[in-house]
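Per-chain residue numbering starts at 1, and chain names A, B, C and D are given in the order in which the chains are listed.
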Amino acid sequence: MAQIKNIGLFTSGGDAPGMNAAIRAVIRTALFHDVEVTGIRRGYEGMINGDFFPMGRRSVSNIMQRGGTILKTARSAQFRRPEGRQAAYEQVKKFNVDALIAIGGDGTFRGAKAFNEEFGIPVIGLPGTIDNDLVGTDFTIGYDTAINTVINAVDKIRDTAESHDRLFIVEVMGRDSGMIAWRTGMATGAEGIIIPDANIGVDKLFDRLENGRKNKTSRIVIVSECEGEEGGAFEIGRQVKEKFPHLDTRVSILGHIQRGGSPTCMDRVLACRLGAAAVEALLEGYKCDMAGIINNNVVFTPFERAIKHNSEIDPSLLRIVEMLSL
Amino acid sequence: MAQIKNIGLFTSGGDAPGMNAAIRAVIRTALFHDVEVTGIRRGYEGMINGDFFPMGRRSVSNIMQRGGTILKTARSAQFRRPEGRQAAYEQVKKFNVDALIAIGGDGTFRGAKAFNEEFGIPVIGLPGTIDNDLVGTDFTIGYDTAINTVINAVDKIRDTAESHDRLFIVEVMGRDSGMIAWRTGMATGAEGIIIPDANIGVDKLFDRLENGRKNKTSRIVIVSECEGEEGGAFEIGRQVKEKFPHLDTRVSILGHIQRGGSPTCMDRVLACRLGAAAVEALLEGYKCDMAGIINNNVVFTPFERAIKHNSEIDPSLLRIVEMLSL
Amino acid sequence: MAQIKNIGLFTSGGDAPGMNAAIRAVIRTALFHDVEVTGIRRGYEGMINGDFFPMGRRSVSNIMQRGGTILKTARSAQFRRPEGRQAAYEQVKKFNVDALIAIGGDGTFRGAKAFNEEFGIPVIGLPGTIDNDLVGTDFTIGYDTAINTVINAVDKIRDTAESHDRLFIVEVMGRDSGMIAWRTGMATGAEGIIIPDANIGVDKLFDRLENGRKNKTSRIVIVSECEGEEGGAFEIGRQVKEKFPHLDTRVSILGHIQRGGSPTCMDRVLACRLGAAAVEALLEGYKCDMAGIINNNVVFTPFERAIKHNSEIDPSLLRIVEMLSL
Amino acid sequence: MAQIKNIGLFTSGGDAPGMNAAIRAVIRTALFHDVEVTGIRRGYEGMINGDFFPMGRRSVSNIMQRGGTILKTARSAQFRRPEGRQAAYEQVKKFNVDALIAIGGDGTFRGAKAFNEEFGIPVIGLPGTIDNDLVGTDFTIGYDTAINTVINAVDKIRDTAESHDRLFIVEVMGRDSGMIAWRTGMATGAEGIIIPDANIGVDKLFDRLENGRKNKTSRIVIVSECEGEEGGAFEIGRQVKEKFPHLDTRVSILGHIQRGGSPTCMDRVLACRLGAAAVEALLEGYKCDMAGIINNNVVFTPFERAIKHNSEIDPSLLRIVEMLSL
């Protein structure tokens, strides 16, 4: 096995808080082991375009507390085609990069898997997405920050809901997984959690508005965004207004604030641990795996399993939300 | 002049952070002067419905740091009609309330003025609205909190805009006044500020996107919400996408998070000062005025002047925004 | 087995964010199962003094987001003596309380164990402490909030440290366990973590200041508070100033801000789950156990094991901190 | 008058949030007017040591939201001596700097005044200090952020104070001016505000603890730090514990967290306006003045007046604090 001397590092897909902390961890760990790091800007796009640059110890000073990614990120249509990946490989060779660390979500890892299979370059993935929807890790980097951003926003909305005796339908991110919806719903005392793609919650909500406690002075319903549609919340809001015209119902789409912000302690710690582990895994010979955390231990999962969606929500947890908000 | 022994206190219109701090200030100041306070729930609606209750010193312990209003608030269509006001007056007499303090915006003060003229009950208004659009005060209670909520949200959006090289069009509240838009635009380094009702900024934005610096990696445009329409930002976003299809343009409506949250230091101090001043003004014989702050001094402005919109933005300030974001 | 009809609920020991969320969860779950809840103020002190009161569904509306504990808390010297516990038992009988839920730390559980052994009253404990030092749970309620408060404070201190090229020695809470110190140290990029009671870190720090990279522009050292002494940080600061007089060294004791604040999403979710589980455990016949979370599952641990300190820090984690901050 | 072509820019004295926003504003405004900017690191120290470097438009991208100062800051003993200033002047000439903008407090401006008098170099000062103690401006850059940091910390401490029925004595910064103490005291509902240097508040506090309402469940006393001593709060805490041993009294020194953090909206707006005004004032021929804001207008005050302390607190404001916290 050839020794790894130069790791190419990039972020890809939607940005997530903690990506910078992971970047810092990768670089510092690599330098500790006398391995160089080459930054690649804008994910696979930059790889194809040859946007490579050497990263030193100081290049990551004081970035851990910042949202976004200093390496920038993008989605790449080109990389999905073999010619795109071939072009990327030329650049990787040209810059003497002999292994890759990719920070992103399932799309990122799908690309990484293809690249590894076609060209044999070892790639380790770090789960960087607010959606927390990957098999192979209890938490993704960015999720903890996103759910705290959501509850802070919903706490503010609750102030207005209480003052005006209103029902607010609040749409959160998380794609079809509902992972953001359930924890933030529990943590804000939501009167309902709706995950349209999984067909969870609409009937319960209507039943409750019809037969539940009448003297509730405010109500919050958390709706997970709906794949392929803009605004599941708007549609649910429309239905609620139609069926319950006496309620003062409003819709709020939290939107992109959920992707930014300084990462929480847990996201930073997760990013530090996985970033360090990714480098050391490459040195130990791992080739095509995602680093994740399961039961507080770092584990590695082959990309082919990690890219499967993890979107099941334990029904006993939804039962608790319901019981507590009665 | 009959001595004032019992002040009726209510909040009305949209809720604003700092209303609770003002409520606390009114009650503590009244009790200090041996005057009783009767809380009225849900503004003029509660006044008409007789939703009155006595408020003691402890009823306002530890409310200063909370958003919303413990007195709840509402808009009242009934109160706009003479019969509604007559019904309210019956209740005011019934509960031996001999003066009122109203916390709200211009709609609230319009009602207060009519009520005072018709029944002679002295009323003092406190400017409680995030819009900062009243003549007679440099700042309204809630404005400072709202603009900080906005910049924290936009800082988060900037993380994503930078990471993805995007243009974000962010809609903020503030009705037709643009007061929230200009300060938050300056404070977030916005590449454009648009106030649709005042016809400010769209041409400049288009000109800049066409002829300005091309290597900008992220752009934020702050749009003031558009009276009578949902989403000025969506319309502007549509136009930008059409004219500049190469830009990755997104729209974000900040929405109701702007109304809630723990008030800032300045909002609390303003609420404390105006709340105390309102009570003492009633005791000194003021009858139909809004308490405001001008050049750091408490001043009183007759309602008929205060209810006029204050929506002019000093053009020299917009010039600074533009210059700094080049 | 007699059926449980009335649960006495109290908080004890140092307050922790999330206690209110746990209180809400206990009450809502009990009412769901048609069990009454009697609140007891100020922990064992209130139990001895008969400070009991019935708690309804509405008594816990909108408390989830608030720090502190609406039941108040205290340490009780009396309860450590048999006569104190006997007096408490009289009150428990008088108010027809037939089971207890205690939210607190190891001292609380020691009392609960004695009380259960002496009088046979079933008691379930919830781990409510920022220290995260209990066997039987991966996380205690309040810990996640506290570590985020710490990193937000240290991020601010880092601004000054960077601007002035300073070394800051920052003391955090956590008693002898070092649990707060290690995670916040990793998450703030601390150049050193010192846990005086465990004899961790001082030598490494001195070695590093002597032989490490000289061009560091700012340094943060996190020191865990020292049992039985005020200010381990001051003593370490004294030594650093003496040995390295050319460094601009400052000491900052974060202090009580670490105990307060609105709980994070994870703390709220933990409190909801454990609060619900505690009630249902009592109904299922558990008698003398702490509810905890291990590997994301609720588990019950007998008090006699839970009260043992869990203060070991995985050395591989400290190695990562060190490697990343080089 | 020679035209100004190159402005030297530096920050000096204690760092304050908003300094980076001011730096950005100076640079962008200068470039807009085709004037170059030379950054000088570490204030007068860097000026003496020749630590000068050209600053372009991109050097200040996305720094507005960050605490601290990217130019770093220091206090300089050398610059207080004529030889030190002579050495600085050599460097200023060498780098073709023909005017200076200094961001700092009264010590900074005293140096600026001497330098201008001795060498004729025009200097404009920007008030950058959290203390808000300068004549010639209603607010200094950093003050609004600092008072919000304080109230957020005290809100957290209030959670614990309420939960434990405690009296907390909280020391805040602000040197002898008491400006931070009074606004934060009002905004946190403090039961007392003490400004040791001005002999304000200790007698009132003791009187109140002796004769005031006994059923207060928590008390917060805000103490302004004491010039020349470590910890006015500790001394007052000692006295309170001695005189009122039945109270559970704690002392908390907020310390350096007050200097850091992302600046508030008002601090950013102030920094933008003053930064832009400073550059344009130099171009208009101002030579030895501080830019400030009075009644929302930018005004210029000669250094000799600005360096006088502004430490008077309107007694009517302290009366309100007292009245509201009864």
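Annotations
Going forward, contacts are C-beta pairs under 8 Å (C-beta built on N, C-alpha and C of every residue); 3 or more make two chains touch, one makes a residue touch a chain.
As the structure is a computational prediction, the values presented were derived from the model and not from experiment.
Distance between chain B and chain C, defined via averaged C-alpha coordinates, is recorded as 39 Å. If you average the CA atoms of chain A and of chain C, the two centres end up 29 Å from each other.
As a whole-number value, the distance joining the C-alpha centres of chain C and chain D reads 35 Å.
Counting only residues that touch two or more partner chains, chain C has 155, 158, 162, 217. Viewed as a network of touching protein chains, the structure reduces to one closed ring of chains, two contacts apiece. By the definition given earlier, chain contacts exist for A-B, A-C, B-D, C-D.
Residues 21, 24-25, 28-29, 31-32, 57, 61-62, 64-65, 138, 144, 147-148, 150-152, 155, 158, 162, 183-184, 186-189, 217, 262, 264-266, 268-269, 272-273, 276, 295-296, 317, 320-321, 323-326 of chain B touch chain D in their complex. Every residue of chain D that touches chain C in the complex is listed here, in rising order: 11, 15, 17, 19, 42, 66-69, 72-74, 149, 153, 155-160, 162-165, 168, 217, 250, 252-257, 259-261.
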